[in-house]
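This is the structure I have questions about; it appears just below.
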Amino acid sequence: MAGESPPANRRVKTVDNLAIEQLARLALEEDLRSGDLSTEASVAGGTHAAGHAVAKSDMTCCGGALFGATFRCLDPRVSFEGLTAEGDSVRSGQVLWKVSGDARALLSAERAALNLAQIATGVATQTRRYVDALPRGSKTRIVDTRKTTPGLRLLQRYAVRVGGGHNHRDNLGAAVLLKENHIRAAGGIEAAIRAARQHAPHTSKIEIEVTDLDELASALDARAEIVMLDNFSDEDVERAVTQAKGRALLEVSGGITLERIPRLAAAGVDVISIGALTHSAPAADISFLLR
Amino acid sequence: MAGESPPANRRVKTVDNLAIEQLARLALEEDLRSGDLSTEASVAGGTHAAGHAVAKSDMTCCGGALFGATFRCLDPRVSFEGLTAEGDSVRSGQVLWKVSGDARALLSAERAALNLAQIATGVATQTRRYVDALPRGSKTRIVDTRKTTPGLRLLQRYAVRVGGGHNHRDNLGAAVLLKENHIRAAGGIEAAIRAARQHAPHTSKIEIEVTDLDELASALDARAEIVMLDNFSDEDVERAVTQAKGRALLEVSGGITLERIPRLAAAGVDVISIGALTHSAPAADISFLLR
Amino acid sequence: MAGESPPANRRVKTVDNLAIEQLARLALEEDLRSGDLSTEASVAGGTHAAGHAVAKSDMTCCGGALFGATFRCLDPRVSFEGLTAEGDSVRSGQVLWKVSGDARALLSAERAALNLAQIATGVATQTRRYVDALPRGSKTRIVDTRKTTPGLRLLQRYAVRVGGGHNHRDNLGAAVLLKENHIRAAGGIEAAIRAARQHAPHTSKIEIEVTDLDELASALDARAEIVMLDNFSDEDVERAVTQAKGRALLEVSGGITLERIPRLAAAGVDVISIGALTHSAPAADISFLLR
Amino acid sequence: MAGESPPANRRVKTVDNLAIEQLARLALEEDLRSGDLSTEASVAGGTHAAGHAVAKSDMTCCGGALFGATFRCLDPRVSFEGLTAEGDSVRSGQVLWKVSGDARALLSAERAALNLAQIATGVATQTRRYVDALPRGSKTRIVDTRKTTPGLRLLQRYAVRVGGGHNHRDNLGAAVLLKENHIRAAGGIEAAIRAARQHAPHTSKIEIEVTDLDELASALDARAEIVMLDNFSDEDVERAVTQAKGRALLEVSGGITLERIPRLAAAGVDVISIGALTHSAPAADISFLLR
Amino acid sequence: MAGESPPANRRVKTVDNLAIEQLARLALEEDLRSGDLSTEASVAGGTHAAGHAVAKSDMTCCGGALFGATFRCLDPRVSFEGLTAEGDSVRSGQVLWKVSGDARALLSAERAALNLAQIATGVATQTRRYVDALPRGSKTRIVDTRKTTPGLRLLQRYAVRVGGGHNHRDNLGAAVLLKENHIRAAGGIEAAIRAARQHAPHTSKIEIEVTDLDELASALDARAEIVMLDNFSDEDVERAVTQAKGRALLEVSGGITLERIPRLAAAGVDVISIGALTHSAPAADISFLLR
Amino acid sequence: MAGESPPANRRVKTVDNLAIEQLARLALEEDLRSGDLSTEASVAGGTHAAGHAVAKSDMTCCGGALFGATFRCLDPRVSFEGLTAEGDSVRSGQVLWKVSGDARALLSAERAALNLAQIATGVATQTRRYVDALPRGSKTRIVDTRKTTPGLRLLQRYAVRVGGGHNHRDNLGAAVLLKENHIRAAGGIEAAIRAARQHAPHTSKIEIEVTDLDELASALDARAEIVMLDNFSDEDVERAVTQAKGRALLEVSGGITLERIPRLAAAGVDVISIGALTHSAPAADISFLLR
């Protein structure tokens, strides 16, 4: 699968105009629906200002276009300049993005723009840590899950890619993943896979979750195309790789820590999926300085 | 101000029906807009099931009504039972909530319901840690900020209250907080406060941010009702309390850690505001087990 | 509090781009969702026209940017020119605003644009009448209420400020106002104030409604920061001011007429709140003439 | 045309479920999007209460279902009882509607529910005054215009009917009304009517606005089905009726006052359209008393 | 009524900006809400491309502005050129519209833009076939119905006009059409017409559906302004025209085929309404070629 | 792949509550936003009625739950009874569904409910015709495309499954399909497949479009998992199957007619995708009879 890093500008498409506008609007409406008492009171209309966003710690930069668009959503005359590319590793103190325009717009949109950019950069930074833990040249993918923040899935999945990770399925209609309850309801691994193959679009691979090596054997016999090894120990993961012999993609999930990544990758699993990339990434510490 | 814990059922109102429905819908639409391939394929219509949510670590329970409502938003016949009250401290292994009804609805809404509940409980748990660091009987408030996740501010603020914290202003139109740029634009601390008092509703106190003790003196002279001590050292906070002599509420902000809480509270500040309550609270680890 | 009129351009921020666009869209969609039969039939595409809005009576001008934006929402090439500033007192016959562009866009958006501008100017004009009834140099504020038209609160509150008035709290979550039923439920004035202080953000003053001078005494003892004198006679208002001795802001509400304003202001109340500023302001009479 | 009053329950359909729900939600979201600080602080969950809406002056009752639905939108368990029928003339002091249920829901939704009901009843009451000014047995209709509050057209048109009036076209796509600018663009009265007849659905009558008796003659010659006499004096209206000889419906518009109604009706015009029914109806004075 | 074809640019107004934007957004969001995996993977950002839409069969061109706007909704820098006017008859192989700009935007929006344009052109083409079946110089109108695709009524009605047809009422509130159930509920044809005339705006003609010549007689006696002859044979239509003697417009509906059009038109009916114009028009076959 | 028909109740999940409500609302709002003049005028409130939907030709029944929900969306007290199961083949004259309740609700929602049900049944019926053309026991799938009606993709894809067909990818983010322009931009078939595999979630198979047998060879060499044979003749399809030897799923697309289905299936292709299932399915002829 993956491995050699392709040029970032090719793999990482920025989230599209429609999505950017929706997210910026969501953040602004929540914060500004009754105006901005402090700015209205203290800043005269027509004042010009310029601001820049600065990294307050080391981070993997993400969300620049969205940051700029949030200000421009409030006032289309604000100009935006990106000093870093999406996915750049930046040091604490480095300037990420600049905006200039009406001082009221800059002050009123600052928090909304930062909230979005800090989430995006936080996820990218978290992802990069896991990706960097992979052995050099590894073909193993670091992958997100559906454990995302409601309303922000598109942004968080984008940030995972910016951080060098990959995406799992976007939603319940985009791909098949048969878990324990599906298997039981269908009457077993083989029956569940057969039903899913029959029901799902022919474009989807069939993934199934197994909890031990016996179930893995059943899943391989039933020609699952991906098998998720749920909460396997490192040793069992190694046994699973040996047992699978490449007949299916193997995905490791559950209880993943940074420390386990090298051994799991060395074992030869194809995919390591990690909910914490999105559900528990701390916000990146970015300041906005205005002159 | 605060201090002695009032009965939880009085202070902590659950987010209202309208908000619950909106959040549940948001989460479900993102995950289910193209159906649920795995469940449709493997679970026959009309199958009944029951599931329960279990804490996988110690946590402060939050979001039960929202958890239940997410399933019922997909199928109104699902029944919900809360085994814990909002704000309860629960141990790893404890059952939080039960749902029962159509197996398809339970499986399809599971992730959306959990994502919401894990965020709410994560924020409540994070808040409780800071609140518990206060000296017994302290009157100091632990307070959130506007550093919330776009779209989830209402839920996160509710979770802060459930965790024993208090809320800062909800949005830029709800109260005045004059920061450095406002002050500079208005022509100084006294001018900024005068302008804000003139502009703002008479129901708002005027809060102003200061960066040293001289500015604090100016703010007190100008009769600010709340002064935010921005990035003050513990020593300077203590000096500020002495200097203020109760003429204004004092809020400490910036660089707050759990370790600093006891000394800051002992110093007698009224409010400690902490962005990390909402922007960097890890999701609570809650499992959903289905039978 | 208020009094000497600050420069209008400082206090009165125009409603922001997001809000303007939403209001324009709301009005246009209601009127144009099935097209415009008359204009489509009679006006050839590509015809150019220019129109101007004229005051048909004396009024306080408000809503110019929104008026222009409504046409531009239908056709972004329409140009807009404001001949009056927000808050200007204009005479019958005076031209307020000019638009020019595609004749079809001007004709189709005319009614929607006028409906919005007439409401805004109506509220500003109504407010100005009350403000002008204040004695010269008075520090008393004329203030709106939550008795606004659903969907138009932001616009109406803006118009109140344009007319020289001030705003009360924006919504039920922005500030505390304890009324009779809250007091009874909490177990009395003192208990209600204590509960509110405990629950509300520290940025909110606590306001409480009283119906006689005894209740006022209780409210002052409980350190309410604002007391609303509900349906007090002029004499009782005067007694209340004497009794309060500046310990709380006093707000008069209920049964306010233009005639009572001078005496109430002379008595020294801080705030006079008037539902009729928004709920019963007649639309301003503005004509749109097209060439 | 109209005249003898048909049974109210036949002519006046209540606005439908979809519309009621949308309006209630609009009003509630504006007021409650950050919660209700006062009620949350002072009223314990689970408290039961009952409230009733009382007329504080004479009025024509309108909006009962919407009033009740607003509370139920916040809490579906609230019960509603209507003591008056839509369109009933009620005296000051009379109870209109009762609700009972959770005290928090009643307190939090009170203002939103009242704002809507006061607008509806205000329009119905205003309309009834004009309708009552018609001579007994008159066939003349009192009719609204498109000068409505953005977002509330459906409700205001309903209230006009409840007050005994009739509706003009709902929007620009529902019927043809050729005004001065359409006529000039089309090249004259006859050309405008021909173009409109060609363009419009065959279900629409063609209405055209004239400013003098000569234009009326042209409009009749061109077989306009309705002619709007714009700002005609009473005398000219009488001449117009004589001239038209029933060849077209005649609608009088512009500068209508209550005093002119009897003479205009006696002259035999078919329709009197009045913007003030909706754009300048004062809110009805309704109180909500809670126990 | 109709007949001699008026210049297309006068009768056929393009759907307005608001509607175009809404439709484009609807189509794009459905297709692109999780990004575009294929384009993101294979096309580098910044690649320029140009595409043109080509008719793959003979058709009546419709929807050009909407086609272009869909691409521009994704990327405002895309340029659009229309090589055909709305309503032009084009031959298979002819180029209709050109777009150029960012290759990713062109590829990602292609399907959404085509889906809309193919529906619009399909309806226009279908309509033109019926219109062309009218005898030369006929005054009979080909008219649509409310049997439209939910969400697309505005577009489909526009396409009917582009194809040379006319529109029936837009929705249930725009005009009166009394069908069998209304008549029965009202107590007969005469009572139903009287009730409708009383209730409806004076701008609406009253249309009523009849199933035989006796009912036609009753409808004419009650002065219906339009009578719909429901499922009449050609012979009965001819008798109806004779019987009506121009006292009402006659509309034929039900079981209309292309073959019947000449005879029905020759019989002198005013309107032929055909659900199949919108509910069963096959999509036009248009290709999009990209370089 | 497919072939032996699995029990319908297992494969065909009805569209979920959220989707049904959204579609019903969309259709009702378009038709009823200004009320229903005819019904309001002629039907007294409180009248009870019952109606049933009858097939006017042979069809494959689809959309029953949505049909009922549309009435209930207007009035929740309407009851619904389904006399046919989704996917049933019904004869002309057969009753499909029954509703009963308030006569006004039945009359006002009738058209909206029928429009939706006729589209759903139309697509299911069209699909069934293609599925029935497959040889008995064939493993070939009849599959839809993204050529759906904007706003109705979810419903149309459901209807395809109800008709016995299968779905292709739901949207551009759900799966990879590399077309000519992607291939050219990426620098050839092999490069495009490599880039897609690198970018796409590991759950997606990679599909690529080829225009001749040479390209097919390249695609197979590059290990495409699905190859779309674009506009291949029947002979070339047969050669492609021989050449592929099961190394990839083969999908035939372009110029598919009912007549070609048996030979294509016999050739052994896995998938036949047909835009006409959704973009050109005529509405099913269903009548609604009311008593």
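All chains are identified by letter, namely A, B, C, D, E and F, in their written order; residue positions are counted from 1 within each chain.
To be clear about the criterion, a residue touches a chain if its C-beta (ideal position, glycine included) is under 8 Å from a C-beta of that chain, and two chains touch if they have at least 3 such contacts.
Keep in mind the model is a prediction, meaning the values are calculated, not measured.
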> Can you list every chain that touches chain C and also touches chain F?
Replying inline: A, B, D, E
> What chains do chain B and chain C have as common neighbours?
Replying inline: A, D
>> Centroid of chain A to centroid of chain E, CA atoms only: how many Å?
In response: 45
>> I'd like the Å distance between the centres of chain C and chain D, where a centre is the mean of that chain's Cα atoms.
In response: 24
> Where in chain E do residues touch two or more other chains at once?
Replying inline: 10-11, 32-35, 39-41, 44, 108, 170-171, 173-177, 195, 198-199, 201, 204
> When you draw the chains as points and link the ones that touch, which shape shows up: line, ring, star, complete, or other?
Replying inline: other
> Can you name every pair of chains that touch?
Replying inline: A-B, A-C, A-E, A-F, B-C, B-D, B-F, C-D, C-E, D-E, D-F, E-F
> What residues of chain C sit close enough to touch chain D in their complex?
Replying inline: 23, 26-27, 30-44, 47, 49, 103, 107-108, 111-112, 114-116, 118-119, 122, 146-153, 171-179, 181-183, 185-186, 192, 195-196, 198-201, 204, 275-276, 279-280, 282-283, 290
> Tell me, which parts of chain F touch chain D in their complex?
Replying inline: 25, 28-29, 32-35, 39-41, 44-45, 73-76, 104, 108
> What residues on chain A touch chain E, complex-wise?
Replying inline: 9-11, 13-18, 154, 158, 170-171, 174
> Can you list the residues on chain C that touch chain B in the complex?
Replying inline: 1-2, 6, 10-11, 141, 143, 166-170, 173-177, 195, 197-199, 201-205, 207, 226, 249, 251, 270-271
